[in-house]
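The block underneath contains the structure these notes are about, expressed in structure tokens.
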Amino acid sequence: MSLDTRARPHQARPRIHPNYPRRMRLADSLQILAVVSVALVVAVFLADGGAARISTPADAITALGIVTGLVGTDLLLVMMLLAARLPAIDRAFGHDSAMALHQSLGKPALYLILAHAVLLTIGYALVQPAGFFDEVWIMFSSLPDMPLAFLGLGLLIAVVVTSLVIVRHKFRYEVWHLVHLLSYVAVLVAIPHQLSVGTLFREGSLQRYYWLALYAGVAGSIILFRFIVPIVRSLRARLTVVGVDQEARGVVSIRLSGRQLRSLRAKSGQFFIWRFWTPGLWWQAHPFSLSAAPTGSSLRITVRGLGDASSTLPRVPVGTRVSFEGPYGLFTDFARTSPRIVLIAAGIGVAPIRSLLETATFAPGQATVLLRSSTVDDTYLVDELAALCRARGAELRIIAGKRAPGTSSWLPGDAVQARITLATLVPKLREADVYICGPRKWTDEVVRDARSAGLPTRQIHFERFDW
Amino acid sequence: MRARAVSLATLASLSVLAVGWQVGAQANASMQALSAPQAAPATIPAPSAGPATPTPAASAPAVSGPATTSAGSTTTVPTAAAPAPAAPAPAAPAPAARPTGTFTGSSVQTRFGPVQVSVTIANGTITEVTALQLTNDGGRSVAISAQAAPILRSEVLSAQSAKVSNVSGATYTTRGYLTSLQAALDTAGF
Amino acid sequence: MDAQTFETMGTVVSLRIGSTARGGAMRDGGLGDGGTRAVTEAAAPDAALAAVRTVFTRWDERFSLYRPDSEISRIARGDIRLTQASAELRDCYAIALDWRDRTDGVFTPHRADGVLDLSGVVKSLAIAEAGEALRGLGLSEWSVNAGGDLLVSGDQSPGQDWVAGIVDPASRHELLASVPLVAPVRAVATSGSAERGEHIWTSAGGGPSPYRQVSVIGLDIVTVDVLATTIIAGGEAALGRSIETFPIEVLAVLRDGSLVATAGLRSGQS
């Protein structure tokens, strides 16, 4: 240690983990591809001479109607790819971020398709001439494949409306999901009219091949990664329940055993979507994180029995076959950018934290684990965490205490009063990756604290489970 | 998105759009070049409604003047967006012999997409209008004819009034016939 | 040339045989039977008149609502039912229904008072059949004008097309237009309220037609006759639709006397 007591510049740039640049390049490429795909469909319209032929207001409205249809459909295809569980997307953004983007694209896509329908009706009606509703009927009855297109629009509206946050929670998840799958039908059913009405995608044209190739690519990806890969993996792994351990009241760890699990390349902190093949549970699929590092033959999850379905989980019989989709998630060591690490968990969020602690990369003294709970007894897997921390040289702190009513801090009331923040709790926070897992609102608060401490977003990792 | 990704995406998108625009402009220009009048001695049998009989005007391939396209991409019909054919422009001076032949107009935008029409003229009268480039109206091709427009009495076709042998008007009764123009023609040996 | 006329269907039919068909010119070619042929040609006008007259009489007897003993009058009274009617009447009815579909219901054989009125197609079908009869006699230059509905074939005289005049409804001895009929354009029909005072049952809301007279020029007589009725009954919308769908030229006279026409009827059109 140097005897120089002058203030040292502690703005030393944190050493970036080598994975980070590669991951960000992938993320950049995917984002650029998505944006360029939109530009491409507009360019297809332009290349067909669409813009140069505009000479009256009706022409302009019709052209705009065509363009909104193209862009809206392209957005729908992007949305479907985001939900298709593509490995590249999971590696670059994490499945939960991809689904968050998917959700936010829903309304714009619908608005664009609605604009497409309305603008084209107006454009045609101006030319016919006919009233707006007369024109709707004329289009429905005289243009080819239009009834299907109308059906597609109707289904799309139904899907988006039922996905609005206010509406969604009125349904149980499985019902909502079934309705949501109608979006595949909506997209399929609209394809014929895109190919037969108007001349943009006329037979033999280059753009028709491109358009069909797009659809084929998206369809192929969905079929492969959303359906075939999970089925094949589940069949090969032959996972069964081998033990259920009580961790606390209503909280159990379920141990699973299978074969060739290394081929899954699962990492600590990732989650799977599980289906337990036993009466009462088989028709639901649950996302749960691994609560221990995966091995070649075993996996463990820790779940809390809440909600109608999960309450039966603690009683799942040993020997039950389990199928799964995954592994998914960027809540892993793969997302590291810095040498130090802070793991923060509340409630059942401790599960992925526990698995991360087992295999994350850090040197002794460079890791901090923070557990948040209302009371000291309200924590799960504490013994395991304590043992791991001792073994790996990480610091464990349990922050117990109730939140002060009326405030929205992630810390207990007395800590807030004492002006304690994440920065004061954790040494050298700026050189650390922070992993946060817990209830949504609480997680948002921790993120806010970390951001206000000056931590860049690339060093803050958290997983959303409300998709 | 990161700043780098944003700028790259913007750059790529703008270039893609520019290329698209360029290709489109070229495609339009070449389509206009193609639509110079082509005269044929006989009617091109059209796939649309109407029997395809060759016009009797096999005489002079009088291809003169009436170019159906002007420099612009629209035709003489006021609303280019309406399903209208490229009717030959009356601007060109009427040639001595009534023109005969088939003329291809420029492409106009209709609800079915861009339509290029071919107009067949025999002895100065339009006998057939055919859409050349009309796709997929359920496979049937739509015969597009001239729109009806207001016209002065002095502008109506009346050059051969001396040769009229039959007249058409609202149906006359037997009594009405006796004092009709047709009766005059019938008895006068026209 | 001489025109031969006869009364039928409450109006008068004028038949003309083109001068190329008469005068003994060799027309069949190759038979080397010049003498016999000339005799046959000279007799043709009488045979033609007889044939045409027969056709119209037959149609009149069956389909005229003005004859109390015609088949259609008996159906109107209820003496016989449509299902018991002759095949010819039912075929005619089917044709009328087909045109009802093609004109989106503007043209219809069902009168507002419920009576089945096939007069809209009967006259033109009769003209068409008369034309077939003339062709069957080997004649290819002729014109048949039944009360203002005209069907022609060939030339009026060598090198001269048949020219049809369109009557001015305001002054029945004056013409609005004279239109040369060049194959394949062969038929002219005019619908109007100037002469007989026929009641055209306007569709969609009733009210008088915006047109006082509508003349349609086209390729076959049934089409132009139906469309003339359709346009006058259906107004501007029917005019646009008809022009869009069928290869026709139209000259329409509005109530105020002004004219509307398709481009092919414009003079100086090149």
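In this document, chain identifiers A, B and C correspond to the written order of the chains, with residue numbering beginning at 1 in each.
One rule holds in what follows: a residue touches a chain if its C-beta (ideal position, glycine included) is under 8 Å from a C-beta of that chain, and two chains touch if they have at least 3 such contacts.
What you see is a predicted model; the values in this text were computed from it and never measured.
Arrangement of the chains shown, judged by which pairs touch: a linear chain-to-chain path with two open ends. Of all chain pairs, the one linked by the largest number of contacting C-beta pairs is B-C. One simple way to say how far apart two chains are is to compare their mean CA positions; for chain B and chain C this gives 27 Å. Spacing of chain A relative to chain B, judged by their CA centroids, is 57 angstrom. Chain A and chain C, compared by their mean Cα positions, are separated by 73 Å.
Among the residues of chain C, none is found touching two or more other chains.
Within chain A, not a single residue touches two or more of the remaining chains.
Across the assembly, chain B contributes residues 83 that each touch 2 or more other chains.
Chain A contributes residues 24, 27-28, 31-32, 35-36, 38-40, 42-56, 58-59, 62, 123-124, 126-128, 143-144, 196-200, 202-203 to its touches with chain B in the complex.
Within the complex, the chain B residues that touch chain C are 48-51, 53, 55-57, 64-66, 83, 87-88, 90, 92, 94-95, 98-99, 121-129, 142-153, 155-161, 163-174, 176-177, 180-187, 189-190. Remark: chain C residues 1-3, 5, 7, 10-12, 14, 16, 123, 143, 145, 147-150, 152, 156, 160-167, 169, 172-173, 175-180, 182-185, 188-196, 198, 213, 215, 219, 239-240, 243-252, 258-270 touch chain B in the complex. Of all residues in chain B, only 1-2, 4-5, 8-10, 12-14, 16-17, 19-21, 23-25, 27-28, 31, 73-74, 79-83, 107, 109-114, 135-138 touch chain A in the complex they form.
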